[in-house]
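One structure, pasted below without further comment.
Naming follows writing order (A, B, C and D), and every chain is counted from residue 1.
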């Protein structure tokens, strides 16, 4: 199988709009769960860029358990994302829900996310396998590591080798956290596969006060990066408010990650424009 | 919510090509996991019709964990299903994997199945919600009863009220069976919702020797029917061989179900053509 | 291993104060979760005896998640159980929590129960393995079938072959029911082991309205019996009220079980004194 | 409840033979799964002491799923532990299986371990609650955080406030690892309770190659320490060989932990005798 270390012993590096995931650096992907308005997206983007995130996230098409919940702004959400990219220089990742979305989203975003509920939506996996954008593939809520790697194999075998795996918690009997973060899956997957692996502590825990510890743990465990939800006003977020960090919490987290990365001889990844800014500065 | 007993206290009855599911009778849906050839399908169809099944099943488009496994015959599989319907008079149910399949399949089949891995593929749920065919909605591998009913709500709120729910086992720590049949979900769902509920003991257990007991238990628990895999030659099946009944086992099971149904003042459903045959006989 | 069919192909029959479990009949064990008072126990015992239960249950020593919950009446609870046996003629089963309890309880009760939280308390398993009373061994909340059979092996290999296994629900992600009744474990265990297997639908579901369906399903699935909680006043029970049947519900359930058993060529077991009473009547 | 932060806001510090767990340092408890012989224990003890572990572990009484597996050396295992303590100066922790063991073990060992299968053995919890030794309380295989804290409450409410909680993996559907390490339970428990929390990456993962990453992650997540299995010859260990570190791996892990701790402004705990040795050196 193409995703295995047997097939390719060398670690894969996935380029997302100039940000290289899997090259030894630690890539922080951050932003709100859902794009709610141009202002909310702009505000969140500016804050996470300033704090040092390398990639911006935000959902325009939202999968929701209930058909009556807020399901995203759709195309105008993509517009706000693109505007936030222009303002900050950060590449953007956003979710695709169905094969019919793939072309539209691939034209605008730098990376396509396949969510946990679509982790075995094989038609969608093949559709993103035919796209010219890297893919962020979340682990299914109840997928084994083996099934998760086979889902990646659908994408890769369809022609798109640029897959980043995302551990985001699995479903267990424990209800005190939203899901159970299976952090041991990080070193396990890295031993089995050459694909980069990032961790989403926001969905895994469901509680913002647990996100910083799990972010540091993910870095210490050897993950290639994080996906973290950050919102200008978590109390009033249209989705996932309880697990979203405030700007202040995110600033503090980035400082702690930076210091921890150093002690591990790693560094936080930066977006190309930020490097330019840094060089110019 | 439209699927609840609060919305509609009266039990729903779903008509599948003349077979009424939910009217108090017990509907046996049977056939091979996958359509493998015209001959295999014809043979299985004749056997299950003879034994008294009311609806025929068979997969033309197969979701498979690995991209390298047998993934169904596609359109020609539908042809074989249609031929088997013509020969036996049994209406047919088959799976749809993606919104793009829905129109094609709805033209040929009597009922559209949404599989366990697509149980929260909301784009697909909305697509079958717009189709003019009843829907067999399997419970997701790790979906709570609440999430399962909300998945049904996607279909119903999109305009298609003809949904039959199918309990097919959930994922737990136990590995001696393929999944864990959550049979208590049957009376629970029937208390919460007016939709019919059937049970798939084949996928739930993964072992043919456990299928008869669980079929009888499903009837005793108050289910509206069964979905059972039957294959002319399970040892050489292209998928799910170990859980498929032989013709002999299915004959025996039908006889036991018939007797059990009587003691519960119920009867096994029959297809319209079979009733005609019975009346003529 | 001594509990396997390889070791002993013939089905074991376990004698509990004259009631034979595993002989093809269906044994209903019923009573309150906890012995709360002499009156409560007498009332429940009379009601379940009248309805046709064969064995009486009631907890004198109660394992409770919190140290501050009602933990049973202890020795005086045993007195009330013994009095209820004298009044009804039904043999009694009650739980032992620790090796130090075994002798005391074995002197008074007809059967020793090992609860789900002690399913791998190996010192206790060995202690009941040395007792001269049959053992009702509940499956651990998160024990595989293999581990459950090995727990039984502890008892049997220590000298006590009279073990009845009890499936009482396993812990899964589903929270709508207290546990998930793994009914497929019944035919599975019966194929692997010669020991009788009974089902506890009360703890498995946690809701009295689900208990009758699951009781009928257990019989249809081939179980050797049931353990059902019945209480004179469930609303005011000191433990497990929501899952306890009222007397009326239990009467109705027994009538339905009797009819279902007949259709399966089985009969409900009766206590020896009841047979005498019946013969005398 | 006495284990909560509401009851006692201040972090508890538990003294184990002079090693203070919970004082901000990171305590490494290491040694073989089972005491197998005087030589094996002496060799392992010398190696983990040299590498900087603060407490020695080793099982004399072993709970085993099968009655036919190696169940420990019993009393002579305790002798070997005591000898290893004398040789290295490290305090020792070992498991108690039943109330009858508590006095014997408490006379010899510095800390009493209650294992995962006994996490709701309430009689044992009360027995160690009456002992004059600190208790290492493992989380039950399928216990929620709430149940785990209530188990600790049994010990504390019985008079023994010196409880250290140990997250050791929970049972989930994933079979690629022995259990699923629920690392988010560490910050969660620390927010709810004042008791120290340590992590056992050996039992949680079941594979030695995953232990170092999870050890570093535990430190980064804020745990108060680790319990790690180390064996002179893992290939020939009588139990848990696949998850035991070699001496070389443990040396390397300790060096990495030391560096990581520094970057978090923490230090590894040392045993009193080692401090003396260090001061004298």
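Keep in mind that, in the parts below, a residue touches a chain if its C-beta (ideal position, glycine included) is under 8 Å from a C-beta of that chain, and two chains touch if they have at least 3 such contacts.
Predicted, not measured: the structure shown is a model, and the values here were computed from it.
In this entry, A-B is the pair from B-D, A-D or A-B that repeats the interface of C-D, since more than half of their contact pairs coincide by residue number. Annotation: A-B is the more contact-rich of the chain pairs A-C and A-B, by number of C-beta pairs in contact. With centres taken as mean Cα positions, chain B sits 37 Å from chain A. The geometric centre of chain A is 50 Å away from that of chain C, both derived from CA atoms. For chain B, the set of residues touching two or more other chains reads 142, 171-173, 175. Residues 142, 171-173, 175 of chain A are the ones touching chain C in the complex. Chain D contributes residues 142, 144-146, 170, 172-177, 180-188, 191, 201, 204-205, 207, 209-210, 213-214, 216-222, 259-260, 262-264 to its touches with chain A in the complex.
The touching residues of chain C, when paired with chain D in their complex, are 63-68, 97-100, 117-118, 120-124, 141-142, 147, 150, 153-154, 157-158, 171.
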